[in-house]
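All chains are identified by letter, namely A, B, C, D, E, F, G and H, in their written order; residue positions are counted from 1 within each chain.
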């Protein structure tokens, strides 16, 4: 069963958005990765969301740049959590260091939240999706606890290497 | 025949968006003013646009604040000009001085433009709509030429009053 | 069983953070609302998180202003979803229109996401918490579907009133 | 008959502004592309506008960077639609990521709108010009409807390729 | 002989721009204060500048808000110093805390400088005009030296009062 | 007689500040170019200013980056015009795209103006210095009038080349 | 012996800067509070610093707004720690929400640091001064440890009151 | 005795943070340089601070990027001075030109200051640490006085070279 849908607003954004997919692979969570645009393929975007919800999907991750409306459009049609990744560069056009995408993703009106993560931080979107599923999946929860321990261990090892060098 | 549709993203934005309506009244252009939200009433927003296009509508003006997606959603479904007014305050929530709405309205991806006017400047949205219609309506064009002359005259009169006082 | 913990970084932030609590009340989700600071009461903050996790808590909502570290500190110790609400005003000091809190909450390093909602938008934090719980609670999911319908209906009614007045 | 005039504020901006010209070629709309500066050749700028208006021109597109006054100066003398493209780099000088050009182009006073598109997005300026002419040209309108369909089709094909690869 | 011309972009800006006039009165420098807009009365603006230059005027001070083009338009036609005052509020419309006016006034292309002073700081524009004239007027230069001494003396007196109170 | 003093805040800024010197060479204005820092050599900076004023110097141009205090420190000691050039990069440290230098140079308190030109635009600082001297030097004034004509001619020639190519 | 000198850049800033003084009173640290401006009374500012250093002073706190150069000027002449407080409003002029003062205070060149605290946060400047002195004063160190405990206790008490009310 | 602890939030930040270490070497101040993250190794971070304080450590320097919480977390547990260095790039993720790190480090709540230096300016963090220790160490104070003289001498020599070349 596919519990997570990842939508990249354009082909050029895939390189960033695959980081979310990698995290889900790592945690053994099934997902689908596709491309759809809020502005260029609006009907397809809505249909994707409705089909995913109809097949009991749980979380949608959207990545978009510039006036990043994708997560908002998806959130308008999906009653469960929508995660937005503001992207810095999109389709050859240069935006304002990602500030445009950040504000377009995050400043949603009351009633329709988008869970926003850091600029280009698709990896954190993947982890947040796992955390959401882990609220009802003890197996995933254990993996997250282990993941946190591993993060701490890596820091400790790097600190040890640094102190042994000096 | 209604050539212009004005959509306000929320009731609280009406106070600003009526300035666009006033300009259209002044120039004798028929319009419809309504409320619809990209996020809270997405289906209604799309239906409004399709009906307006079906009835030979020519220009849509959208006003929205925060992550102002309304103009973008409308532009995704409307092949003719869409004018966006970024709004400073929306529904009780305070944004970033309108910078969020400005970037969300203006930084559209290639292929789907939104003609953006200044923050809260619904009056200029109204004038731009008149200018667009005037490209094929000599009567409106004459009124615009007169309007420009009046603007200059007002400045001259104020300058005259100022110099006579000193 | 208390599934959501709301932490306000200071007493003066309670007025905003209660909006999250109201949403949880509306959806019939049990929660605890408390005060703790990442900087003034760091040990208490960590203990709160550990106790809540130990008692099978599922989601934590944090509201803080200025250099809003609370959500980050909580996320460092909690393996499940942490929602951050950047606040505009905090404890009498005036920040940069909430931009400081926004960036301090959202720009987290890889591995430790904070699900960030709009500035002062504690209501959306509450809804996001409900959405997260609804991924494994069909009753909540149904309520969310109804909530979305109600949002659309309110817009339609306001549009109807507007058109009947004109 | 030349219906669109494209003015680039400097030679170095031509590389971006030609994107607008390409769109007009694609849609079969006649245009003239020239160079003029609001500050270095102010008289020429005004004369260009007056001649173009005298010969029944309909839309002017202006591209400028830094304190981008070109569109404003043109709008002061032209009663029909003026489209502004804020440019990121200009003449060897580095501005503030295009934020300076964006605000100088968009924040016009009441009475004199400039239809602003995204930073460096001359392509969207071209499309907006076509949309404006299409309000009274059924042939162009049909082409715009086709163009929108093509944009959606491209997204669908890319999504198909992506899913077949995985 | 009138050596300084002060142009306020609108009547509502006069309250700020009169501060420049007050400084010139204080230093005994003759000036003319008038209203003209780059966008609403472009021909009048150019004519004002040409007449002033023809009558041997030396310095022009311009105050404007939003996309503050006035100083730039004036500088395009005047070979001697032009001083720009970016204004925070203009004509009822709210801009971005003066950041829009600041960038529109200051980020001029090479060849056409505008001597920009701080936001709303018309007083400093007046002093700068006096400093410019003082480069060839020993009487004004002496007054400026005295003015600087007075500024220092005021600080010293306030410091003395403060220390005597404590 | 040296009428203009150019101070570069560091050796690495010379590459930009020499553009001001080039303009003065072009207009035949004598100047001195030196290095001094508001923070690293404060006494030298003050002495430079006092000596230059003592030898009947007329205008000082300062270029500095980051917290660009140089122009302010100079203005505190010099009663005649001080021109500030905010610089984007300084001494290997990267600032905020020049926004830090811009605000540090321009937002001076009442009584002590700095005539600020665009970021890295030392050329315009040179021209502004010439304009200031030209208020009492008919020879320089004539050269400025010619310079303005040349700027316009260059634009016209480029436009001609462009139209002949197409 | 006076170990701390507090300099307010203007009389109107005293209301904020007294918060630093209050903290020093609370911790029993002797200080002197005075007014001096980097721009209006530059000689006095340098003399104050030299006298204070000559009398074995240890820490200087500076508060200034707009292009806040005071702390930088002081740091240029004082070899021991200088603390800068960026101020939001100064002398009736309105700046950019304190962003100008923040960058002018903090972005110092290499070699001349200013220890910058939050906007308007003179209280934290006072505490930082105490912390600096406490590195060689066990009595002050003990007071700081107690102060930290008190901060935590206040949070706990407020949390208790909150939970007893609900 | 180790009087200064330098904590780098990640291995990739070491390249910048070593500049602080170099300064301490130059002044003959003993320090320890290590890696720890507020979010990935929160327990280790707290333990490091407590051990350092227990062994009579005096100053902690923290360098972190993005939502730079490290200095804040350290300041919550350390009663003596904490110096924060906001970093521009962190761990492969691109932030907002360091503006995120700057605000997250500096905008601390009342009671818990972080002495913030410029973006990436670890060298100034090192000098500030020396200045703090010099408040009770006459030897270090003498070295700082010499250091200031050397900075001025270098400027003078570069100015001499420049003037001899021209």
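Brief remarks follow.
The rule we apply is simple: a residue touches a chain if its C-beta (ideal position, glycine included) is under 8 Å from a C-beta of that chain, and two chains touch if they have at least 3 such contacts.
Quantities reported herein were computed from a predicted structural model and do not represent experimental measurements.
In this entry, chain A maps onto chain E through a rotation of 180 degrees when their C-alpha atoms are superposed, rounded to the nearest 5. By residue number, more than half of the contact pairs of F-H reappear in one of the listed pairs A-B, C-H or A-H, namely A-H.
Taking each chain's centre as the average of its CA atoms, chain B and chain H sit 51 Å apart. Measuring from the averaged C-alpha position of chain B to that of chain E gives a distance of 34 Å. Taking the mean of the C-alpha atoms as each chain's centre, chain G and chain H sit 19 Å apart. The set of chain A residues that touch two or more partner chains comprises 37, 40, 42, 66-67, 93, 95-97, 99, 106-108, 110-112, 118-119, 121, 151. Inter-chain contacts, as defined above, occur between A-B, A-C, A-D, A-H, B-C, B-D, B-E, C-G, C-H, D-E, D-F, E-F, E-G, F-G, F-H, G-H.
Of all residues in chain E, only 11, 14, 32-37, 40-44, 66-67, 93-97 touch chain B in the complex they form.
Looking at the complex, you find that chain H touches chain F at residues 88, 97-99, 118-121, 151-152, 154-156, 158-159, 162-163, 166. Residue ranges of chain A in contact with chain B, taken from their complex: 9-10, 37-40, 42, 46, 66-67, 69, 72-73, 75-77, 90-93, 95-96, 99-100, 103-112. On the side of chain A, the complex with chain C involves touching residues 58-59, 79-81, 83, 102, 106-108, 110-119, 121, 123-125, 127-128, 131-136, 141, 144-145, 147-148, 151.
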